[in-house]
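Lettered A, B and C in written order, each chain numbered from 1.
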């Protein structure tokens, strides 16, 4: 059974310039224990999707659709019920989470906070637990008494992960958990997340614009373009048999043994204006396979093979 | 509102019902009436005319003192920021010093020692109000100093003065303007306080002067509200007008982060 | 720490230089200004001339001046014919009796309103609080005092001048205190009101900028309620910048106190300054300025310490 079931999710932001369509008609389901990678260019709506699940969108957001978590409909849940789930059963590691630590609080206190909130733990117990957890994610116990500014970027990232894990959530959303880290540290953090999945048996939704990084750790991959899902499938399906030109373009820009040394080719052109996206396939202006029918292509992802879908006229026809 | 204030000051001779110095011996401390819309003072001056004429000195001191402050502040800030090193250190310590010492109290004492001419008041207020500007200008200069076009100009052999005048100054000026409005507000404030205490220029008509006489003549304790209310209201309005303009400019010139935030409405 | 002490000492030294220049060297105010006084006896003048080394070069005079300041030899009041220090210190105490509670009230209410206003931003409450704070900020201290006096003169019930009534000043302590409380009410309210407006505005904008910080979203995602978030994270952090701005505005508060004292004839340093201007009592004026400057410098130093205590990032630097 799916742990998380998203149906017809639409998120718009009201701005002075008009409505920004950040997430548009997304269907998605995650099962327990898998690591799913969510990839896409900047502005494609990845963070917005993650924030919708946590229900921590800014006040100018308009949300439609359904997000069902373990049988509970999140979008209509009351604030107090939501506070019991948020941070306890669903936790998040934030994009740029170097800044997601309170600069004036000792890190162990911040790691302990969710336990105090959700498990009625007293402060002392929780701090002891927090230190154990810090050790588990590779931060020395005595560093717990430090303040965030005294830790390196990689360590802060580990603290942020420990903070999210402290209540043993069923679902962890990791938004760009490794940006702003050097390559070595990136790899370490990714391995840590993989190990955590194995140890805690939790589901991880890993968000990144770096498809290469995701394809190393994730069981499944989702590609987002301009608020929509372009392609979804298992790692092997996507990497070996990409069907959406967008995916093909992104994979083309992955440095691999074959094209090492060559400048990685990213997709020419810019994502569409989120205020008024083009009708039909939103990728059309940048697509080298574009045909006339693409302007009227409004369908969601189409069946390619079991578990593999792509939103493109080229599929199945 | 600003425009209205400035117009009142400029048009004082036209719109004022009486010459401000005109004494009506038949109406001493009379409450508002048709002859004297806002009543009269203890020597029979028309309060409305007084506050209309008073706006001249109050605004004039505000503007002039601010001009002094802006020039000093901009120079301090630009040189400290651009030259850096020991010059910066010395200039900024001086700035901090003037930021910390109680400026209004110092102004009172200086005015008391130096004598209370209009020029003195302008200079004193001006020379005490520049530190905030200096700081803002300095940090902006530090930023622009790193910019390619400044480097290029230096590379092309531009002298320090040339670079400062042609490249840095035009860029930091908008910040100076935003500070101007706030400084004017403060200057009007300080001037009225000085005059009220009798260490400003009590012979020129200004809002502070009217309040000074209202207080010292005992009209306040007699409850002659028409005498004390109007000049105070004028001070509040003009300070508000300048301060709000300052904030508005600041908001435009230093735009905040993007609108959406998790809390509060946006 | 050492640096902060050094800065304070340097500032005080600057004040000494300024005072020296102001009272000795300014055109039209020759050295004699402090001594050419008909009320001084010849013997006193000779003594003073010796003490201040009027025949010596300027820098020697300055050193003597500094030495005298530190020895507590601040000159003789023309008016009281008594040492300046003995005139000054009782008044200083009276000033503090007024200033301290007024400032504390202003900080508590101002910061409290700022928090409320920022948290409920753009609501009616916010607009109301913000407007009144701006008006309070724009109201001249002395005018607000005047308004209160006019009001009380009409309604009666409270004294509008002085610190204790004559009868009470020699009465039993309780009567004395009661009279003091009645006298202090108006000046204290005036001073607190004119001061708190700026605190509200500062705290509000500090809170607003704190709200946009990533760590706030991250903390909220732990599942805490809005009010807990405010209490535990936002307010403590937003207080920091407020503390440092309050420190800078101590000079303004003191200026407000001078004006308040004058309007309400409160027998403090402010009234003393006002009276001494009329009496051309320059030694007292000089002493009063020194003491006020010293007070502000010390207050700033204390504010710095508070800041360092609150912010772990400056503790070790």
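Going forward, a residue touches a chain if its C-beta (ideal position, glycine included) is under 8 Å from a C-beta of that chain, and two chains touch if they have at least 3 such contacts.
Everything numeric in this text was worked out from a predicted model, so none of it was measured.
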{"item": "Remaining connected clusters, assuming subunit A were absent and nothing shifted", "value": "one piece"}
{"item": "Reference subunit B; chain at largest CA-centroid distance", "value": "A"}
{"item": "Top chain pair, ranked by how many C-beta pairs fall in contact", "value": "B-C"}
{"item": "Distance from subunit C to subunit B - Cα centre to Cα centre, in angstrom", "value": "21"}
{"item": "Interchain centroid distance [CA atoms averaged], subunit A/subunit B, Å", "value": "53"}
{"item": "Sites on subunit A at which at least two other chains make contact", "value": "56"}
{"item": "Of all residues in subunit C, the ones touching two or more other chains", "value": "217, 220"}
{"item": "Multi-partner residues of subunit B (each touching 2 or more other chains)", "value": "261-266"}
{"item": "Subunit C-facing residues of subunit A, complex", "value": "54, 56, 79-80, 83-88, 91-92, 94, 96-97, 99-105, 110, 113-114, 117-118, 147, 149, 160, 163"}
{"item": "Complex contact set, residues of subunit C against subunit A", "value": "213-215, 217-225, 228, 232-233, 236-237, 240, 310-313"}
{"item": "In the complex, subunit B residues that touch subunit C", "value": "93, 96-97, 99-106, 108-110, 112-115, 185, 189, 192-193, 196-199, 211, 214-215, 220-223, 225, 228-229, 231-232, 235-237, 239-240, 243-244, 256-257, 261-266"}
{"item": "Subunit C - residues contacting subunit B, complex", "value": "7, 10-11, 14-15, 18, 22-23, 26, 28-29, 33, 118-123, 134-135, 137-143, 146-147, 149-150, 153-154, 160, 211-212, 216-217, 220, 226, 248, 250-252, 254-255, 258-259, 262-263, 273-274, 276-278, 282, 285-286, 288-289, 292-293, 296-297, 300"}
